[in-house]
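Shared between the two complexes below is chain A, which pairs with chain B and chain C, respectively.
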Partner chain A sequence: MSLAREVWLVAGKDLRVEARSRVTLNQVLPFGAVVLLLFAFALDPDRGLLSEVAPGLFWVAVLLAAVLAVSRSFAVEAEHGAIDGLRLSGLDGASVFLGKTLAIAVQLLLLELVLGIGVVVFYDTAVRSVAVLVLAGVAATVGIAATGTLFGVLAAGLRTRETLVPLLLLPIVAPVMLGATRAFEAGLDGVPSEAWPWVQLLALFAVLYLGVGVLAFGSLLEDA
Partner chain B sequence: MRLRAAVCLLGRFPALAGTDLDVHEREVLLLSGPNGAGKTTLLRLLAGLVRLRSGKAEVLGVDLARDRRSHRRRLGFMGHDTLCYDDLTVRENLRFATRSAGATAATADDVLTRVGLEEQADVAHQRLSAGQCRRLSLAVALSRSPDLLLLDEPHAGLDPAGRSMLDSVISEAPSAGTTVIVASHETERVRSLADREVRIVGGRAERAVLERPSVDSAPSAEGGP
Partner chain C sequence: MISLARPAVNALGLLTLVALFVLAVLALGVVPPDAVQGDAQRLMYVHVPAAWLAYLAFFVTAVSSALYLWPRTRQPGWDLLAGSSAEIGVIFTGLTLVLGSLWGRPVWGAWWVWDARLVTTAVLFFLYLGYLALRRVPADPDVRARRAAIAALIAFVDVPIVHFSVNWWRTLHQEATVFNPDLDAQIEGSMAWTLLFAVVAFTLAYGYLMARRVQLARLEEGREERELDAAIAARVASGSERTDLEDRVPGEGTGKGNIGDPAVAGAGEHR
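Now for the complex of A and B:
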């Protein structure tokens, strides 16, 4: 079987599991929305400030929701020894990594779309350069999903994985949050030229972690 | 398949403490022994799911000290868990297993019928009874037409019809070219199907009954005459 078919097999399986369980829809999405609302309540006296810091708040909400999505992705594998099934499947480690990354990225992109609408509505934010936001969003999401999948499998076999995943993941993806926030600020301000260096940084980060994951995930899965 | 002085650790505990074992092609081998003897660890070692710490282990021509992965598509493993996903149906779980092994969806449907789960094909895994989960676990193991079938307490939780079906699977496997290793406490039942019995005690293969035991000379449930 080709790499692409194996990737799609794993991603399709994960997305089907999420579509049935609706954990992303019923828990992760509301969690992200609650985080956005809490920021709105905390900064309510100054709506100007809220609009100004909207990109940063948006990406903090996305990152916290991503931690849940990653934990969920590997909690599913821990039930009924499914991770053993994945290892016995004969699928290449790189395929499993890319498939799980793709599934998490799809969920996060949907989440970002909804949260983005929430930011526009609740934070009174004007969007001027959609293309920048889309490019930066996709690059940042792939980076977060790839990093999350890598650290998710690292913690998969541990009883402490729920607390370990955020501890490992959040510091590593801090550069993504920084780059995505700056790119979004430029996109919202309608100054795409200021966004491109950050989009390039996000793309570099995504490629770097995709590469590390493709090389390392198989070995990490064996010891999970 | 050959093990020599094979050692596996679970944490610091030597679950296998220097096991020697030979298994021949198309053989049905019973692994007996008390709880905690190392039967499950031995099966997991053969499946490449646990690391060989020292010694030698060769399975289906693959040296497990160097490569724990490449033989997996040629083996079926029925462990204590189903290795399946709660939110997927029986058919979806089985199709994922067959497709990932490079087999077709038709194979999955054939196996479903063989283990008697065709009526539950569209039922989610989380709604299956314990016995149906065991049947699904067997179906997953069979779905890749394995050269080596590893069964860990396969009769546990099955109803009489399921046990008969499983007995048929085990007894017919050698004629299809499959080697079967069964770890079981239901020794009397499996002895009637097995060519040989090896008793595992304290992480070592203690004794081998080299010839197929007849009913009269069958070892006791404790492991041997």
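Now for the complex of A and C:
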């Protein structure tokens, strides 16, 4: 079986589970929206701060939602010993890693789309360079999904996984938070040239951790 | 593999103590105060070596973790070394932040500024705090060691990215004074020598702390083995009669999550 086929099998399984359980849709997405709402309470909308800091608020909301999405991705495997099935499936560790990363990334991208529309509508934000937003968004999301999948399997089966994953994940993705926010600021202001170094940084981060995951995931899955 | 003999450790400890005392005398009494910053600048003699020590410790953690993961050099000792070094690294990263904060208040006028190096150091602190938290979760020693080693490398790979991204973002911290790009040390003689001495003294302290930490871990391991032996002997002695031995099986109260945590403590954890 080719790598792409294996990756698609795993990603398809996770996305099918989501399509039937709708946990991301019914719980993680509303959670992200509530976070956006709370920011409006924290930063008085009348002072015009919200539209100024919208990129940062957006990515904080996405990161918090990503923590939940990662937990969900491995909670699914914990039920009914599904993870044993994954281990016994004969699929390569790298394929499982890429598949689970892909599934999380797809869910996060949809979530970002909805939250992004929310930001534009509720924070009164003007969008100028859509291409920059899409590129930075995809690169950042792949990076978050890859590191999330790595830490998800690292903490899978541990009693304290719900608290451990955020503590491990959030400092690691600090550069993503920084890069994505700066790139989005440039994209919203319509100066793509300022966004490029950040998009490159995001892409580097994503490629680096995809590489680490491909190498390390198999051994972590055996131990999980 | 890496444990020093007890007299050697004690000698190292004494040497460290003397070096730190001499450092205190030099930094507080002998070296002149900074022309601009006055006495506040004397914090440099602890702030800079603390930062050096933190980086050294995390570097040792990364190397030990890599050596543990490499099949040919896989030995439990490397895992022990990685964990011990990370503990010391986190403490000294915290110390670097606190000392820097104390220095920043009189010089920059604020306890904290959002400068590149400060932010990088803070991220580093939390990265390795997470690593230590992962180590504290009980599990089969081999599994936990492998998991921790991979987590350490994941964190280590992040350090340069954090560094560069934050550098692009903002910079207020003074440029490196000694190891600047021109290799032209802009520091007065006696200050430079005191700083160098401080780095040496802190490195000695690192060596001593590591040696003690490894000693401690060995003792913990020994106690666990003895407790396990005692529990097995007790069960054998009681014959087929079932007792409440579960309550006395080692792992309980052995300093949960310390480096040498027993397999038994987390046997149920490993699925």
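The working rule: the second predicted complex is superposed on the first by the 221 of 224 C-alpha atoms of A that agree within 3 Å, B and C clash if a C-alpha of one lies under 4 Å from a C-alpha of the other, contacts with A are read in each partner's own complex, and residues count from 1 in each chain.
The working rule: a contact is a pair of C-beta atoms (placed from the backbone, for glycine too) under 8 Å apart; a residue touches a chain by one contact, two chains touch by 3 or more.
All values derive from a computational prediction rather than experimental measurement.
When the two complexes are overlaid on their common chain A, residue A:S21 makes contact with chain B while staying clear of chain C.
Within the superposed three-chain model, A:P197 lies in touch with chain C and out of touch with chain B [touch as defined at top]. When the shared chain is aligned, no partner comes close enough to touch A:I144: not chain B, not chain C. Looking at the shared chain after the overlay, A:L9 reaches chain B, while chain C stays out of its contact range.
Of the two partners, chain B and chain C, it is C that touches more residues of chain A. After overlaying the two complexes on the shared chain, residue contacts for A:L208 are found with chain C alone; chain B is out of touch. Of the two partner chains, chain C is the only one touched by A:L158; chain B is not. In the superposed pair of complexes, A:P171 makes contact with chain C only, with no contact to chain B.
The contact surfaces that chain B and chain C form on chain A in the two complexes overlap at residues 223. Chain contact summary for the complex, chain C toward chain A: residues 123, 126-127, 129-131, 133-134, 137, 139, 143, 146-147, 150-151, 153-155, 157-158, 161-162, 164-166, 168-169, 269-271. For chain B in complex with chain A, the residues that touch the partner chain are 47-49, 51, 68-69, 72-73, 75, 77, 79-88, 92, 96-97, 99-102, 124-125, 140, 144. Chain A contributes residues 1, 6, 9, 13, 16-17, 20-21, 76, 79-82, 84-85, 87-91, 218, 222-223 to its touches with chain B in the complex. By the touch rule above, chain A contacts chain C in their complex via residues 147, 150-151, 154-155, 157-160, 164, 167-168, 170-172, 174-175, 178-179, 182, 197-198, 201, 204-205, 208-209, 212, 216, 219-220, 223-224.
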